[in-house]
Amino acid sequence: MIEDLILAKYNYWIYVTLMMIGFYAVIAKKNLVKKVIGLNIFSTAIFLFYISIGDVIGGTEPIYIHGEHVVYVNPIPHVLILTGIVVSVSITAVALALIIKIYEEFGTIEEDQILELQS
Amino acid sequence: MKEEDVIIRTVIRLIVPFIQIFGLYVIFHGGSGPGGGFQGGVILAASMILYVMAFGVTGGRRKLTEKTNMIMRSTGVLIFSGIGLLAILFGGKYLDYGAVPLPFIHHAAEVRALLIDGGVEVGIGITVMAVMVTIFLEFYPGGTSDD
Amino acid sequence: METIITIKPLLAVLIPLICAVLIIFSSKHPNIRDGWSVAAGVVLFLTVLSMLPDILAGSVIQFTVIEMLPNLPIKFKVDAFGELFGLTSSFLWIFTTFYSIGYMRSLKEHAQTRYFFCFSIAIVGAIGIAFSANLFTLFLFYEVLTVSTYPLVIHNETPEAMSGGRKYLLYLMTAGIFLFFSVAAVYYYTGTTDFAFNGILDGHGIPVVMLKILFITFMIGSAKAAFMPLHSWLPSAMVAPTPVSALLHAVAVVKAGVFTATRVILYVFGVDLMGETGIGLMMAYFVCITIIVASFYAMTHDNLKKRLAYSTVSQLSYIVLGVSMLTPDGITGGMLHIPYHAFMKITLFMCAGAIIVTAKMENISEMKGIGRKMPITMLAFTVGAMGMAGAPPVAGFVSKWFLLLGSVELNQLPILIVLLASALLNVAYFFPVIYTAFFQKPDKELTFGEASPFMLVPLTLTAIGSLILGIWPDAPYLFLELVNVAVQNVTTGGI
Amino acid sequence: MIWSLDIAMLFFLVVAALAAISVKDLLSAVIILSLYSLIMAIVWVELRAVDVAFTEASVGAGITTVLFIFALVRTTGRSED
Amino acid sequence: MIFDNAPALVVIFPLIAAITVPIIGYYNKRLIPYYVTLVIFCSFIFSISNLRTVMQTGSISYTMGGWEPPFGIEYAIDYLNGFVSIVVIFIIFIVSIYAKKSVEQELPGRTINFYTVFLLLTAGLQGLIVTGDLFNVYVFLEISSIAAYALVSVGKSRDALMASMNYLIIGTVSASFILLGIGYLYMVTGTLNMADLADRLPLAFDERPKVVLAAFAFFLVGFSIKVGLFPLHTWMPDAYSLAPSAVSAMLASTFTKVAAYVMIRVMFTIFKPDFIISTVHAHTILAWLAAIAIIAGSVLAIAQTDFKRMLAYSSVSQIGYIILGVALMNQIAMTGGVIHIMNHGIMKAALFMVAGAIIYKTGIRNINDFKGIGKTMPYTSAAFTLVALSMIGIPPTVGFVSKWYLALGAIEAGMWVFVGVIMLSSLLNIVYFWRVFENMYFYRAEGGKVDEVPLSMLLPILILAALTFLLGVLALYPLKEIMAPMVQIILPG
Amino acid sequence: MRILPLITVLLVGALLIWSAQDMPDMGDPNAPTNLHVAPYYIEHSEEEVGVENIVSAILADYRGYDTLGETTVIFTAGVSVLLLLRRRED
């Protein structure tokens, strides 16, 4: 029973772990770059979850193979996650641009130090 | 110019066209295999990034001027959304590629396939590439930002 | 009963509103500006007056402006009671306007345009309250009145004025919020807020506890009437210029408060419901406390305006007391006291203002011997004070007589005692003023005379008015006739 | 699907993620993040999501890393946590 | 023919325009503000056309690419989002007029990119409103969020950067939660179309209740952050007060409202009221949170001396009204909540514009320095007065309409506490607005020459101020023609 | 100070783990996801769209609008970075 739970869903456990790691970095780390790294881990974890739910045992890639009857894995999560990755990189880019600007203005990228410098 | 630089530059000069061809292949191959506008665009951008890293911003700007980059950024999305508008113009719903009458092709599926491979994916590729290069150049020390 | 539909009630509200706009646009020309005020006052009074014959004939004038929310129109309805208040305030507004012009000009006050603008808007509020056909419209104008009088109260813009104004605003806005809630609750239970002669709430099966709570929130909502625990805004509002005090006390604000309270008691709850649930008697006892306590407060104040303020607190409760007795005589007395008290109190305040402007005195103990220098003013003051105490032949006697009759009719000895005791107390705190003014020797030479005619004429006229009302209360077109119609309406359910 | 390889990959993922958020040197953290993305891409290939894996490899491990590195060049590579 | 495609065009128009802005700007910079205003106006016309279609023929279902709903992406417009769409695009239209001068002063030399992002935000918000596909919600949420982060960051003070950074991080976490919620729902139903999801969810809930519940929790938290519901509002005051004036006006009046709309959509169209009431009891929690938000937001607003910051905290409190209306779960309160989306949008836009106008002319942000502004900027001050009275809820303004419905709704729900909360908050509103009012008008200040902002900034303020009054007086029409059928659809019974 | 984030994270983690119990098994062909919309795509995409890669077909056509949005996201990010980092744009 418990083996079933662990083995049949191991991807989920990994994704939960990764998400917790990323989330922790986002809310607990003071360094802004670390926060962004955390965001990346956080979102990739969600992507892993999406890809995992699309998987089918014994399936093949969702690209047509003519003449054979095969089981394809579910392509929808792939499509969604392609979008997700793009969104993630966009946000990373904007966040990094902000960090560069913050460093120019405040001379540091540690959140607590910036808060002290703020008026 | 150091000797290493010469080697790197020569290698990059040689490699970049191949990367770009690969990128284009990925874009156009999106319909039949893994890949598509997005991945191809990123690969194209990577080639540009390599070029800038080897030849500096001025070198990179010779290949891709500010204005071209700006226009490419917009054109990519314009192509995509323009095809959608075209569909409206020919009486279909937005993004209904099948409604666009193309010469010589009468089967809706073929029209769709052609427009996806030759239009939509290309549009995505152009925008992705241009934006990635833009962002990279903005981040690049001594890049185009004014400080 | 006949219902006449004319635009007159709306006109009555629009006239001062247009006047306010005109005032803003002629701010550079003081004479034209003040001319607008006077003209609007006269036209307004005539408009209100023109509705009187129909009302006395037993008709009701009605006009729906717009249905703002479902079944919640902005609607005017002039019945006898509304006409009573409308007539009082529009008539007295003319006097206050004249008086204001005199007061503001002789003190060369700042921001006169703002002052007259807000003054006009205040009368919009008062008339709107008088003529509103439902609780919602009443609430609307209630808020208009609150907002527009605030700049008047803090006109001096001194720190003292500001803090007094804040207190004023806080009390009245809180009242507005409670009123808002009460209106919403009435609407929720009955689906309408239109006043009815036999009450809105009757016959909807609302639990008595709920009714009592609702009544309490309504009474908090009419805090403009300055019931005792919620009275303290009124003395603090005394920082305002005297014409404003006159406006607040006699014409607009406090009268709007008691008017609202009366509307709620008679037209929302209705005589029957108030009687059945015992809320009426509860309220009567409650206001008795105010009557007595406020009189004692009045005695402790040396500042003339403060003393008048507490007198107002006490007198207002007469009105509500009369109404909550729920007997025809009681209601008559209460309603009559609205215009009568207005006439008398406005006289008193105008006198106080005249003294402040010419004699530069605010405390009673300073006013030794001023009666000889300002005989007309002080005579008018004496008339007003006598009326307050209920001495014949001034107007106050008539209303108090009816109140006494009401308490006898109700067989309530405590109320009777309160009424009599309060009359004595009134004498006790007004007599010293008169005594000081006429019979005490001044400490130093007094070098002033009567106030400017702009101020003197209005106060003389209102004093004479108080006398006429007292001597000949049942003259045609005077208030008693109107009150009789109103009492007829509520006691018979308008049939 | 090879179970052990799969599990090992996922284990590496967790290790890489933990390392990326705890290393004090930001450049190392970014490189580790890139590695993390790469492993993730392989996992996705395992799950037969080739398109996504391709994208993750080129974007997550490629462009994102480049952007991170140049952002660090423009700011500072040191972190206090 | 073109109006047949209005549901798509309402989004596509600003989107394509946004793309062309850099190209046009390259050749002629001065054209851009007019171009942007024109485009948004067209989008506004399309919005109106959509709502008209809804009123005439019922809900619209527009299929992107012609693919039938569960397979393609659907644009579903009913009374609710037709209404919100008009409100949002109208406010953006007004803001776009206002933005011209304000941006010229605050962001000299950056107008092209500013307007591009501005239009992208518009497109993103419109897309969020009209879409009927859950994943599409995420995509457009991200478009508008990224645009919003960028717009906030270019505020004058350097603190704006940090405000934007916080906004970005919290916003991304919330979007990730929403993405996760979408994934959970997809996992148990296999579809992303909202209507289809709603059909399949009851069965899915029977089979896998925990997943559905977790999805609900993620949506709730995710949208609460985006909406700025009280304990999760922390990004909001900084972001709104430090952004450029035009951006504050736009974000405060539209973004949170749109997020609130999506929250309503997810709660009522996908999960259905029954599920919320009888299964998760989320409405009680939400209602209490909203009540706390109303009070806490007002109290915090009183504590501020910076005008824009005070307005931002006031937003926290006003958001509480919307959520309270939604959470009371009866038709009356729902009407109040939804109409408050419009009312608060108009009022907050006007107030932030007033703040921007004062900053534009005098550079003053501190309320205590407002002395004499009533004389130097009479029209702006008059507009402020009217809108502030509306915020307090004086009839016959729009603010009264929402409070009226919320109070009635609270009575209907038998929750007297919330009636008290609404009353108390009105009082607190008076306290913090009156302070501004007093400073504007009642301290004798020297100077006194009329020195108003340019007409293109003044006119939008006056229009919105007039609307707070007019829409209050004429509230019956939208209430009867739009709100009543809308409430019937989303909260039957 | 770090205890609050940790609690938050653990709470979220607990929710995730709790909900994971009800999730369909990995690769279960009978999971709802594999029964509803996806089979349609797998069966029809080639004849309807004419593209062999099902992901591409969905990406560019069935859910093409999402992809337009995605491209817009990238575009937004690009312009946002420009808006942020450039003081003057000419």
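Per-chain residue numbering starts at 1, and chain names A, B, C, D, E and F are given in the order in which the chains are listed.
The working rule: contacts are C-beta pairs under 8 Å (C-beta built on N, C-alpha and C of every residue); 3 or more make two chains touch, one makes a residue touch a chain.
Just so we're clear, the structure is a prediction, and the values are computed from it rather than from any experiment.
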Shared interface partners, meaning chains that touch chain A and chain C: E
Chain closest to the assembly centre - both centres taken as Cα means: E
Relative to chain E, chain with the most remote C-alpha centre: C
Distance between the centres, which are taken as Cα means, of chain E and chain B, whole angstrom: 36
Between chain B and chain D, centroid-to-centroid distance (C-alpha), Å: 25
Whole-Å gap between the CA centroids of chain C and chain D: 79
Interface hub residues of chain F, defined as touching at least two other chains: 16, 21, 23-24, 31, 33-34, 37-38, 41, 46, 52-53, 55-56, 59, 61, 63-70, 72-82, 84-88
Contacts with two or more other chains, residues of chain C listed in rising order: none
Chain A: positions in contact with at least two other chains: 10-11, 17, 23-24, 27, 52-55, 57, 59, 61-63, 76-78, 80, 82-83, 86-87, 89-91, 93-94, 96-101
Of all residues in chain E, those that touch chain B in their complex: 1-2, 5, 8-9, 12, 15-16, 19-20, 22-23, 26, 62-66
Chain A-facing residues of chain E, complex: 135, 138-139, 142, 146, 149-150, 153, 157-159, 161-162, 164-165, 168-169, 172-173, 176, 179-180, 183, 186-187, 192
Residues of chain F that touch chain A when the two form their complex: 2, 5-6, 8-10, 12-13, 16-17, 20-21, 23-29, 31, 33-34, 37-38, 41-42, 46, 52-55, 58-59, 63, 66-67, 69-70, 73-74, 76-78, 80-81, 84-85
Residues of chain B defined as touching chain F within the complex: 30-34, 36, 38, 73-74, 76-77, 80-81, 84, 94-95, 97, 107-110, 112-113, 116-117, 120-121, 123-124, 127-128, 130-131, 134-135, 138, 144-147
Residues on chain F engaged by chain B in the complex (per definition of touch): 46-53, 55-57, 59-61, 64-65, 67-68, 70-72, 74-75, 77-79, 81-82, 85-88
